[in-house]
Every structure is written in C-alpha cells, then in structure tokens.
Amino acid sequence: MDLAISIDTIWVLFGATLVFFMQAGFAMVETGFTRSKNVGNIIMKNLMDFSIGSLIFWAVGFSIMYGESIGGFIGKADFFVRGSYDFGIPTAAFLIFQTVFAATAATIVSGAMAERTKFITYCIFSFVISLVIYPIAGHWIWGGGFLSELGFIDFAGSTAVHSVGGWAALVGAMILGPRIGKYGKDGKSKVIPGHSITLGALGVFILWFGWFGFNPGSQLEAAGLENATAISNIFVTTNLSAAAGAVIAMVYTWIKYGKPDVSMTLNGALAGLVGVTAGCAVVSPTGAALIGTITGLVVVASIEFFDHKLKIDDPVGAISVHGICGAIGTLLVGVFALEGGLFYGGGFTQLGIQAIGVLTVAVWTIGTSFILFKVLDKTIGLRVTAEEELEGLDLHEHGIEGYADFQMKTTTIVE
Amino acid sequence: MDLAISIDTIWVLFGATLVFFMQAGFAMVETGFTRSKNVGNIIMKNLMDFSIGSLIFWAVGFSIMYGESIGGFIGKADFFVRGSYDFGIPTAAFLIFQTVFAATAATIVSGAMAERTKFITYCIFSFVISLVIYPIAGHWIWGGGFLSELGFIDFAGSTAVHSVGGWAALVGAMILGPRIGKYGKDGKSKVIPGHSITLGALGVFILWFGWFGFNPGSQLEAAGLENATAISNIFVTTNLSAAAGAVIAMVYTWIKYGKPDVSMTLNGALAGLVGVTAGCAVVSPTGAALIGTITGLVVVASIEFFDHKLKIDDPVGAISVHGICGAIGTLLVGVFALEGGLFYGGGFTQLGIQAIGVLTVAVWTIGTSFILFKVLDKTIGLRVTAEEELEGLDLHEHGIEGYADFQMKTTTIVE
Amino acid sequence: MDLAISIDTIWVLFGATLVFFMQAGFAMVETGFTRSKNVGNIIMKNLMDFSIGSLIFWAVGFSIMYGESIGGFIGKADFFVRGSYDFGIPTAAFLIFQTVFAATAATIVSGAMAERTKFITYCIFSFVISLVIYPIAGHWIWGGGFLSELGFIDFAGSTAVHSVGGWAALVGAMILGPRIGKYGKDGKSKVIPGHSITLGALGVFILWFGWFGFNPGSQLEAAGLENATAISNIFVTTNLSAAAGAVIAMVYTWIKYGKPDVSMTLNGALAGLVGVTAGCAVVSPTGAALIGTITGLVVVASIEFFDHKLKIDDPVGAISVHGICGAIGTLLVGVFALEGGLFYGGGFTQLGIQAIGVLTVAVWTIGTSFILFKVLDKTIGLRVTAEEELEGLDLHEHGIEGYADFQMKTTTIVE
Amino acid sequence: MSEKISKIEIVIKGSKFEELKDALNEIGITGMTVTQVLGCGMQKGKTEFYRGTEYKIDLLPKVKVEVVVSSVPVDDVVRVAQEVVGTEVGSGKIFVYDVSEVIRLRTGERGSAALS
Amino acid sequence: MSEKISKIEIVIKGSKFEELKDALNEIGITGMTVTQVLGCGMQKGKTEFYRGTEYKIDLLPKVKVEVVVSSVPVDDVVRVAQEVVGTEVGSGKIFVYDVSEVIRLRTGERGSAALS
Amino acid sequence: MSEKISKIEIVIKGSKFEELKDALNEIGITGMTVTQVLGCGMQKGKTEFYRGTEYKIDLLPKVKVEVVVSSVPVDDVVRVAQEVVGTEVGSGKIFVYDVSEVIRLRTGERGSAALS
C-alpha cells in the first residue's frame, strides 16, 4: 500500500481545510473594521468570492493555471478538470488546495472596496479575477510559466496570491474613490472607525490559524524526513514573522502616536504573515523574524501613506497588508534566502529575479484590473449612489439590517 | 510498525475534531439568526446537546447503533462501550467520530425550536434523541441494520444525521407553535429578524469548515492510494455542492425578491452541504454541483413553504436545510451515483432504495419525536409562558442578559 | 523513506495548529465575559502574550525548558534554539508545539487581571513568564527536571501550563485589587456582567476544539498501533471530562441558584478540560467522566469562594478554572490512573508524588510572580488610574472604542 | 400659532409598541419619535444570579414614544394607549408637555402646519 | 431667572449631524445632548424582503439633538439647521419647549449662567 | 390638577448613575426614565489616533435621567444630585420643565396621583 501518497494527501487536505477557513477570517476582519451598516454586504461578497471562485476555478481557471504551458504564458484550457495530471497527489487534492488559494486572492479585494461598491459589479469582478487574472499570473509563478523558469521564488504566494489581491484592491479602491466623509473639505483624512474590534481580532486569529495551512501546506508533501523537517520549519518561520510583525507594529504606533494602536497591531501580524509567505521555506527563523519586523514597520507606514498622501481609501488596509507587504516579502527572499540570498553571500541575482517577478505580476494585475474596473464603471457602474452609501449597503443592496436588535449610533464619522 | 492504522486514525480524528467544531457553527448560526434576548438559552441548548449527547451516546447510544444487530433493527446494548469491536481503527477513534455525529443530529433541532422552548424539556428531548431515536435509525443505515442490507447509500449522513435532526425539528416546531408575533391576526407571516448577521455568517463558515471533516472523515480510512483519492474527491464534491447552493440561492432570491437575500444565501450553502453529504463519495464533481444547485433552490422554496403555507415557525430554517435537503440529497444519490444512478444508466433501482430509506427514517423519526414531544408537552410542558417569551428566555430561564453593555431595541418584530 | 516520523510530525503540527487557535478562544472568552469598554485592551494583551511569548520562548525560554538539565532545576541556555536536539520529531515541530503551550500559560493570566491592568506592565509580565517562570517549572515536569525524575504525571499540562497560568493569575488579581464597583461599601460582591455571551461561548467552543490538539497532540507520536490507540483514547477522555464538567456545573447552579447559569456552565466545560489534561492518557473514560464531574463542581464552588470569601476579583474565573482545577486534576491522576492510581489499587504513592508536584509548582509560580508583580507595582505601576478604569482601557490605553457604531449603556454594574 | 401644541410622551413596554403604533395611526397620528429607555417605577425588578452572585434588575427596558400633536385631542391618545397596554404594574405612563413651537425644516412651515 | 430659556429639539438624519454640529458651533452653541432615536412621519418607509417574507421598515433611524439656549435666539438655530438638512421628505423637524430652570451641577449656577 | 408637576432632566456621567439612583431613592423618588445619550459642553473632548489618523472625540457618553415629580421639591433633587456628581468639568446639568399632565395608563389616574 502506498502510504507516502496518503501522508502527502492528508497534509494537503489539512492545508486546504485551514486555508478555506481563512474565508471566515477575511469576513470577520473586513466586517469588524468597517461599519455595521454594511456587514451583510461584506459577508455576501466574501461568500461569493469563494462560491463563484470555486465554481469558475474548477470550470476554467485551474487549467489556465496548471494546464500544459502555452509559451510560458498561459495553460491550455481543460474545462472542469477532466484531463489527467500528475501532481504527486490525487488531482482532486491538488485542485481543492488550489481552489482555496484562488478564492483567497479574490477575497482580499473586497476589503479595500468595502462600503461603497455595487454588489453586482463586484460579483462580476470576482468572477473575472478567478477566471483569468489570478490563474494567468499563477501560471507564470507556479504553473510552469516563465517566472518559474527564471527561478523566481514565491513558495506559498506572497506575490501569486497576496500581491495579486492587493494590486487589484489598489486599482479598485482608486477608481471607486473614497467613502463619503472619509476626507474633509480641506482634504484631511477623517476616521471612520470599525464597528467591532472583537470580530476584527477574531478574524486575524483565524487568518493566522489558516496560515498554518497556507504555508506549510504549500510544501505539498509531508512524507519522509526531509518533508517533515521542511513543514516543521515553515511552521516556525511563519509564526515568528507574524509575531515580530505584531510586536513591531505595536511598538512603532506606540512611539509615533503615543498609544499602541490595536488595529494596526493586528495588521502588523498579518503583514508578517503575508511577508513571510514567499520565503517561509527558504529562510531561517532569524530571517523570518526580520521579515516580520520589516513588513510590520512597512505596513504601518504604507497604510498612512495611502490614506494621508495618496488619499486612497482602503477601509481595512488590504492594499498595504497584501499588496505592499506581499511585494516586500517576495523581494526579501532575495535577501534572506539561505541559498542565494544577498545576506548569505548569494549576491544580487536572486534579488533581481525576485524584483522581475514582483514587477511583472504588478504590471499584469494592475493593468488587467484597471481595464476591468474601468469597463465595469462605464457600463453597469462601480459605485452605489450617495444615498445608498449613507444609509448602508445592507439596506439598499440586500434589504436587511445587520444588527436588528441593537440601537445603533447613526453618526460614526469622527473629526 | 503498522502505519496504515495510524494514517486512518489520524484521518478520523482530524474529521472528529472538525465535526466537533460544527457545534460552534450551529451555536453561531442559531444565535445569529434569532433575537438577542435568547442567545444565552440557545448557547445552553447547543452546549447541552453536545455534553449530554456525548455522555449518553457513550453510555448507551453507541452500542445501540453499532452493537451486534438484533434483527437488523437495533444493536445489542453494551453500556459504556466496554465490549470489543473491530472498526479498522481503534474503537475510541470510532467512538469519538460517532459521538460528534450524534451530537450534530441533536443540535439541529434546537434551531427550529428556538426562542420559545422550555429549557428543561429541551434537555430531556436532547437526552432521548441521543439515547435511542438517532442510534436506532443510525443502526439501520450504518450499523448493519436492514437499510444497509438493502444497499441504501447514505455515505456521510444526509439522512442518518441531517434528516433525523430535521424531522425531529419539524415535529418540535409544529407542536410548539409559532413565536408570539410571528403571524399577524390575519395569519400573515411577519419578519422577526436575526440579531447578528456577522455571527450567523461566521457560523456558516464554521459549518462549511467542519464539513471537510464530516464528509471526507466518513471515509474512515486514508491509507493507500484508493483512500487518498477518495477523500480528495470528497473534498471537491463537498465544496462544489456548497458553492453551487450558495450561488443559486442568491440568484433565485435576487430574481424573486429583487435583492439577493443574505441569510437565504447562507442557507443555500448549507443546503448544498447537507444535500451532498449522502452522495459525496459516489458522485462526480458535476453531479455534486448539480446536487448543490437543486438543494440550493429547494431550500428557499421550502423555507417559504413552511413559513407561508404551513405556518410552521422555524427561526433558522433547520427543517428545510436539514430535513428537506437531507432527504432530497439522499434521493439524488439514486440519480447521480456514478454506479447505479439513474443518469448513469443505473435505472430506478437505487433511486427506489434511496426512497425507502428516506421514508423509513422519516416515519421513524417523526413518529418517535411526535410521541416524545407530546408526552413532554402534556407533562412538564414544552413551551415557556407568554411573558417569559416576550421578555426573553435569557432573563427567565437563566437570569442573564446576553448583551449587558448594549442598548437594545425592545421592538424587533416588523410588519 | 521514513514515514513514521512524517506521521508523528503531522500529528504534532496538527496539535500545534489547534493549540494556537486556543488564543482566539481565550480572546473571545476574556472579552465576552468582561465589559465592552475594555475589549481592545484584552485583545492586545492576548495578541502580545502570544507574539512576545513566541519570540522570547524561541530566543531563550525553550532552551531553559528543554536544554540539558542543570541539576534538575533548569535547562542550559541555547539562544534561538541553535543546538541540536533529538525529540523524535524535527526540532522545529517540537519547538512550535512547545511555543503554543508556553503562550497558553501566559494568556490565562490576562483574564484574571482584565479591565484594570496597565498595558505596559502587563507586557513586561508576559515577557517574564515566557522567559523564565513557565520554562523553569516546565523543565521540572517535562524537561527532564526533578519532578519528572520523581515520576510526576502531568501528561499535557494541567499543572505545567494551566496551574502555572492560574497561580500567576491569582497573584496578579490579588495585588491589583478588585475593579471599581466590584464590591459595595458593605463589602458585598456586585455583578459586573460580561458584554457578550455569544462571543464568550464561541470562545469556549474554540478552546474545547483546541483541546483536541492540546491533549492528543501531547502524545507527540501517532505512528504505530499503540500510539494510534493512545491518541484515540485521549480524544475520548478529554471529551467526556469536558461534557461531564458542563453538565454537572449546569445541574449544580440550577439547584443552588434556581436557574442554570450560562457562564458557569461554560466554565464547567473548561474545568473538565483543564482537569483531565494531566491524566488524559492514563485514565479510563469513566475516570475521565469522574474527573470532569469533580472539577465541574469544584470550579463553581471555587469561583464563589474567591469572589465572596476572599474577595479576589477574577472577571472570567481564570484562577478557579486553570489554577484550582489544574491542581485538582493533577492530584486526581493519583486517584484515577489505571496504573498506580488509588482507586486501582495503587496506594497513595502516586497521589503523594502528584501532591509534591502540584505544591512545588504552586510555590514556585506564586513566589516568582509575587516578586515580579510587586516590583512592577512599585516601579511603573500595575494599575491604571480610577478615571482610566471608569472610562475604559480602550479609550485610555489605545485611543479607540471597541464598538463605535453601537449605542452602549454607560452603567453596567448592577446591585 | 393659535392652537395649542402638546407633546405626549408615552412610556410603555416594548412588546406593546407595535400595537400602540397601529392604534395611533388609526386616530390619525403618523409622526412620532421613539427612544429606547430604561425605566423604574412601581414595577418591581427581579432578583437574579450571575455566576453565583445575587443581583437586582430594577431598570427595565421600556420604549418612550413621543408624539407632538395639535389637532388630535390629547385625550384620544390617552384612550388608545390605555386600550393597548393592559393593566399590569409597569404598563406605563403618559406625560404631557406644552410645545412652544414646531418647525418643519425642509419647508420652514411652523405650528400645526408643520405637523400635518 | 429673567431671560427666557428654551430647549430646541432637532430631529434629523444621522448623516447630517456632523454638519449641524459644526453650524451650531459657529453660532456659539457648544452644549448639546444627542440621542439616537427612531422616527416616522411624512417620510415613507420601504418595503423589503427578509427570508422571503415582505416587511415594511417605517421607523427610520434619526438623531435627536437637544440644545438648551438662552442668549442665542431660537430663530438662529432654526436657520442654520435649515441650511444644513436639505429639502427632501424626512429632513426633520424642530420642536421648541420652555425650560423653567437650568442648573450646572458642579457649581450650582442657575439660569443662563449655567449654560455659558 | 392643582399641584405643579415638573420634569427634572439630569445629565450626568454613567459612572455616577448608580449613586444618583440610590440618593434619589432616599428622598423618595422611585420612578425614573433613563436614556443613553451623547453630550458635549464645557468638557473638552480628547484627541486620539486611529490607524494613524488623528481624531477628536467631543461627544462623550452620558446618562440622561428624567424624573417627573410633584410632591418632592425640585431643590431636593438638585441638592442630592450635586452631592453625588462631584465638581469636575462635565459633571453634568439639570434642566427643569413644566409638565401639563401625567396619566398612569393601567389605572387612568392623573396628576400627582399617577406618580405615587
């Protein structure tokens, strides 16, 4: 009996299960850090990201990503995964693992576009990202495309998943414009506090939990001492980077604003997780802690930059956490990789390759989502009306109240 | 060293752990979709379903289900599982897996009976369902009883677990009568909105997550290529059915009511999960997606039917999600089973067997719960007083407020 | 290929993942059962317990616990775990498993000290407990120290983890003093209700779920029939004890106060879990159910005793659940252990050894935390000002509101 | 402003609110402002236990309905409210105040014109 | 107490509150008490579906701003409020009441002195 | 209705409420209606940071206690309230209004009889 394949399969399915649960984490983070009048809408977007994504990735996306490479650019279409593949584990196991990853990329976007995007438009966007945008970039990196040929290292997807989500989020949030009331007449950024710190925090814990499937699961094997050691190391690097990200974000906000900021600290943990995702299998624990430290600092600065300087309204910090820290983390592989990293005497070669990968994917994602969002904007419209936004998307898009029994405050934008 | 048994055991324990967590999912769904004045009571019912259920299923229920069959109807009692069994895995692993399943059946009921049932009476009911109602039906299907002899296919329990819970829920909700204010003087159904869409949605994500233990875990083995392939396939079928259920429920409510309904869409995902549970191991991904589509439609129609036509008040839709979709899903095995299914040239034989199974279990469960609830109603009483119901079960049954710091609205029934 | 090590590693990593998630459970329990004005602060404490703990335990704590024993008292320091160890599984797997355990001990404390402790001071405390207090006691019990030499049985850490957390919580809560308003002018205890029963209950379900990693994971092996049987048995004992704890706490409060108390019943489940942790691998299912019954009763009595008699204000019952029930559970190993237990003809020897272990660890933890808290109190101060406490730590320590959209009640202390 | 304008403040149990609203509608009152309040009065609170500690709930959730009226006689409002709320202790109270001016913001109408 | 003291009660949509507060500040009003309320009036509610059942939302969330003034003429308040709220149905109303006494608790000051 | 009936509106910090309630009980006031409000006045708000952006909290949570009294002199209420609340800025205010009628719904009693 072939037990090695069983061990590998169990491992990948364990990973897939945890990564699936990240959907709950995203849903809680995104609702917790936005206003109560839009929670139902955000839930629906997350649910549809995953549901539509699961169906379309199975129907088409998967083969575009992992089908036989056409010129290193795109996989050959094989609708409904009917062909035969050899991924070392049963194709179905590989498919489900890839499905939950694809859905993660899509879900990232909803956070940055929260509280003002038309639901139907969002569903279409979500459909397209799972259909082509994500799978094609994924093909380059993991599907045998030109970036993998080049030696680009993105072990579990700082770029393939998080940056893709983050760049699409950037384009979406930019084209949408800020929420009403987010910037004063003088252009000064105002605070629109999230409605539940507890749910937001629960979401972060769930995401961290899910990351123990995301990163170690990406090893795709667990049989044999080497794999056992690898997945164990990935647990340690993943965890240390997250911990360092949280601690440094706390310290930094404490110094800068006088008090340790709760939601930034939570973002710091996520930044560490996103950052270490590319290199979790090739860096040392110390390298991981440094990656977490760097991304934990970057995320705070980046959130401020987008908010105060670029005036791009990203309610949950998705652009910074996933886009920026995903890119930084991928670059840092070129610095901290035990083999080939700048700090370990590997010179600039790997770093250069990493930069190429980060760039190409950024250009691709920004370009395609720009076109997509612009077309959607001009045709069915991207944004709800001012009245709908003010009264809440739950009421207007879905006819419900998220918290029917609670007396809500109707004014939550603060000077 | 026998590693195959380790792999199988790990797999089953992994499944059991996830299925246990479904209790949290049920608790969140049931509290989220009901009113804030009853959350403590619902929590207690869920906790007791699992706690009393765990003890009594160990003490008695397990052996009634899996003990040596007495005429195909009931297992021989073996108190506290002291006998020796051979399930391929350690008996304790099998016991815990079966325990969490048994508790699931019980928990389903509390949703339909929420907000008006006397706590003591509910505890007694919960005790009896785990003691005999569930184990005996379970014996027929999985314990070597007459339905398994017949070739009835209910792989992970659309009927054995969900329909049993759903039918008992039906009887309970019917005998209890609707919540005060649910139907106007003219008999028209009114809306009693749930108090937290976020917690309700979190519950659904937790349940979906748990289902990756429920269905693939039911394979009970993971060692060897065949098992590895089987559990992988089950992941895919389970996920596709849920995704299809959510999407179709959304589309359907969108068309019918003009807006995509959040809680119905969440129910659609659950309907897909319940529906595919019976056949997840024997249908193709396409079959699974179709099962999800069908149950996703059925669940919406069924919820309306029970609410508007039969005027049976089921606050969370448990009867439709678990009872009706469990039955439909079981029947659809006769249609979509790759071997023996109607659509795959198998004729009507399997479908007939499936119908017999669905029916027998329905009759058994409805009959026994009817007697049980009626006896309880006539003796200690099934329902709290009107005053208790109006002021909330939390205050009257448990002396607490669920949300002591929040200013609640005291009027949430809407015309 | 060495598959046994893969199986063991997967098992330990599965355990570590679940135990990590207990952080979310603690966060929900501790916020749910305290007031809404302090939720951000509690979240931060939990996050920092884990983040600071992860870093410092890796940097120093781990080697103090598992380094070569110096006189049975302390391990030899090996900063950043650079040495080579043989734990049967990859060192990284062992490290992450131990890390999540260490963080659990720290997190327990925050509950008892909630709603009034200065954040900076708490961070320092958390740092020190993960640096030395926990690792040294851990060394005695699990790291080859004198208690393990003696034959002290604490399989998964009723004493090593829970009591250590509980005793430190006791000292902290005592030195801090009660929350303003907790005791009337006549010294009578007043009620300060928790702000969310649903989140509190969700937390308990998450902890129970996590315990299926905590206890069975502590086997550290799963390969081979013997290990497979052992981990299966531990699932059953763990679950039965929790179930019995919940049921008995419910019955007891029902009889004593006239109504079944929700939060006490939830505490009862936790008491059962803590209690069985020491002996889960060496007692029978019946023994486990009895341990749950005993600790379920003890926890209620103990909470009352600390609250009414000692007037030590422990908002979530951490001292009783973890300290007292951890100790009782450890002692009960001497009674219920199938080999060596008093009830199984083993005489008083094991019970005596258990008592020595419980006592030494209590003295050590109480002593060191007393010194630590006193020093912190005299230097930077342990407690926030009265104004900060009244207006809430979220506002004063972090500048935020936990629930910005909700209209809160400003008076929740009830006579 | 010739006619007298009054504010009628009705404090009742939340569970009676729907019925009261319907009854008010029937006598021609369509404008109202509703506030969630906590009240104590003759109605006794309850003694409960939370985690083993006794406590008294004496502030009970109530709904305060404010109706500003001119043409509708105050006594009509009192009558329909009485019909709705029942006769147990804690059923509620009505307080009546004089209003010196009413303005509808969007039109600037004043007095009873602002109410119709 | 020589000068007349009035309470001005402004019921508006929550989304207009920030602007109103700023406008009131500009005419010298810094003290106010704000309550979350539900209101119905001329503004029509909506008909929605929840789980397939039709329902009407007729109580809409509003904010009630209470300002007690003496020196500031009531008409100024009315004016700035009108400027802020716009002219759709449901924009809101102002109710004015006489206040017979004001006391600042920490000083014991009474009348308009208690307001400044 | 011969005797004058007044409504006394007390706006204070939530943390003082329990004490105020006890003090009012001691002077014979057992009926009251309590509302959660937000207030601003002399008391300065705070400037905080949320996710790196500065903001001012100027609406602070307060409790509004409404007591309708006839026999109890208003000044007694003012006195006990003053004793309870302390003397920092933001301690709170009392507003007094005339009440033109009180009705206890369950009995139909009017005037001060409805209050006792």
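Going in written order, the chains are labelled A, B, C, D, E and F, and every chain counts its residues from 1.
We take it that a contact is a pair of C-beta atoms (placed from the backbone, for glycine too) under 8 Å apart; a residue touches a chain by one contact, two chains touch by 3 or more.
If you want to know which protein each chain is, UniProt gives these names: A, B, C = Ammonium transporter; D, E, F = P-II family nitrogen regulator.
In this text, all values refer to a predicted model and were calculated from it rather than measured experimentally.
Enquirer: Give the chains in contact with both chain A (Ammonium transporter) and chain B (Ammonium transporter), ordered by label.
Expert: Of all the chains present, those in contact with both chain A (Ammonium transporter) and chain B (Ammonium transporter) are C, E.
Enquirer: More than half of B-E's contact pairs recur, by residue number, in one of A-F, A-E or C-F. Which one?
Expert: Equivalent contacts to B-E are found in A-F.
Enquirer: Could you grab the centroid distance between chain C (Ammonium transporter) and chain E? Build each centroid from C-alpha atoms only and quote it in angstrom.
Expert: About 51 Å, centre to centre.
Enquirer: Centroid from C-alpha atoms only, then distance chain B (Ammonium transporter) to chain D, rounded to Å. What do you get?
Expert: 44
Enquirer: Cα centroid separation between chain D and chain E, in whole Å?
Expert: Distance between chain centres, rounded to whole Å: 18 Å.
Enquirer: Pull out every residue in chain D that's touching 2 or more other chains.
Expert: Residues 35-36, 38, 48-50, 57, 62, 97-98 of chain D touch two or more partner chains.
Enquirer: Residues touching two or more other chains, restricted to chain C (Ammonium transporter): which are they?
Expert: Touching at least two other chains: 3, 7, 10, 14, 193, 196, 202, 257-259, 261, 263, 399-400, 403, 406-409, 415.
Enquirer: Taking the top-of-page definition of touch, could you list the pairs of chains it picks out?
Expert: Touching chain pairs, listed by label, are A-B, A-C, A-E, A-F, B-C, B-D, B-E, C-D, C-F, D-E, D-F, E-F.
Enquirer: List the residues on chain A (Ammonium transporter) that touch chain C (Ammonium transporter) in their complex, please.
Expert: Answer in residue numbers: 3-4, 7, 10-11, 14, 18, 35-37, 193-198, 201-202, 204-206, 208-209, 212-213, 216, 222-225, 227-229, 231-233, 235-236, 239-240, 242-244, 246-247, 250, 257-263, 265-266, 269, 285-286, 289, 403, 406-409, 412.
Enquirer: Considering only the defined contacts, which chain B (Ammonium transporter) positions touch chain E in the complex?
Expert: Listed in rising order, the residues of chain B (Ammonium transporter) that touch chain E are 189-191, 193, 253, 256-259, 261, 263-264, 300, 303-304, 307-308, 317, 407, 409, 414-415.
Enquirer: Can you list the chain D residues touching chain B (Ammonium transporter) in their complex?
Expert: Chain D reaches chain B (Ammonium transporter) through residues 13-15, 17-18, 36, 46, 48-50, 57, 61-63.
Enquirer: Which part of chain C (Ammonium transporter) faces chain F closely enough to touch in the complex?
Expert: Residues of chain C (Ammonium transporter) touching chain F: 181, 390-391, 395, 399-400, 407-411, 413, 415.
Enquirer: Sort out for me which residues of chain E touch chain D in the complex.
Expert: 6, 10-12, 35-42, 59, 62, 64, 74, 78, 81-82, 85-89, 91-98
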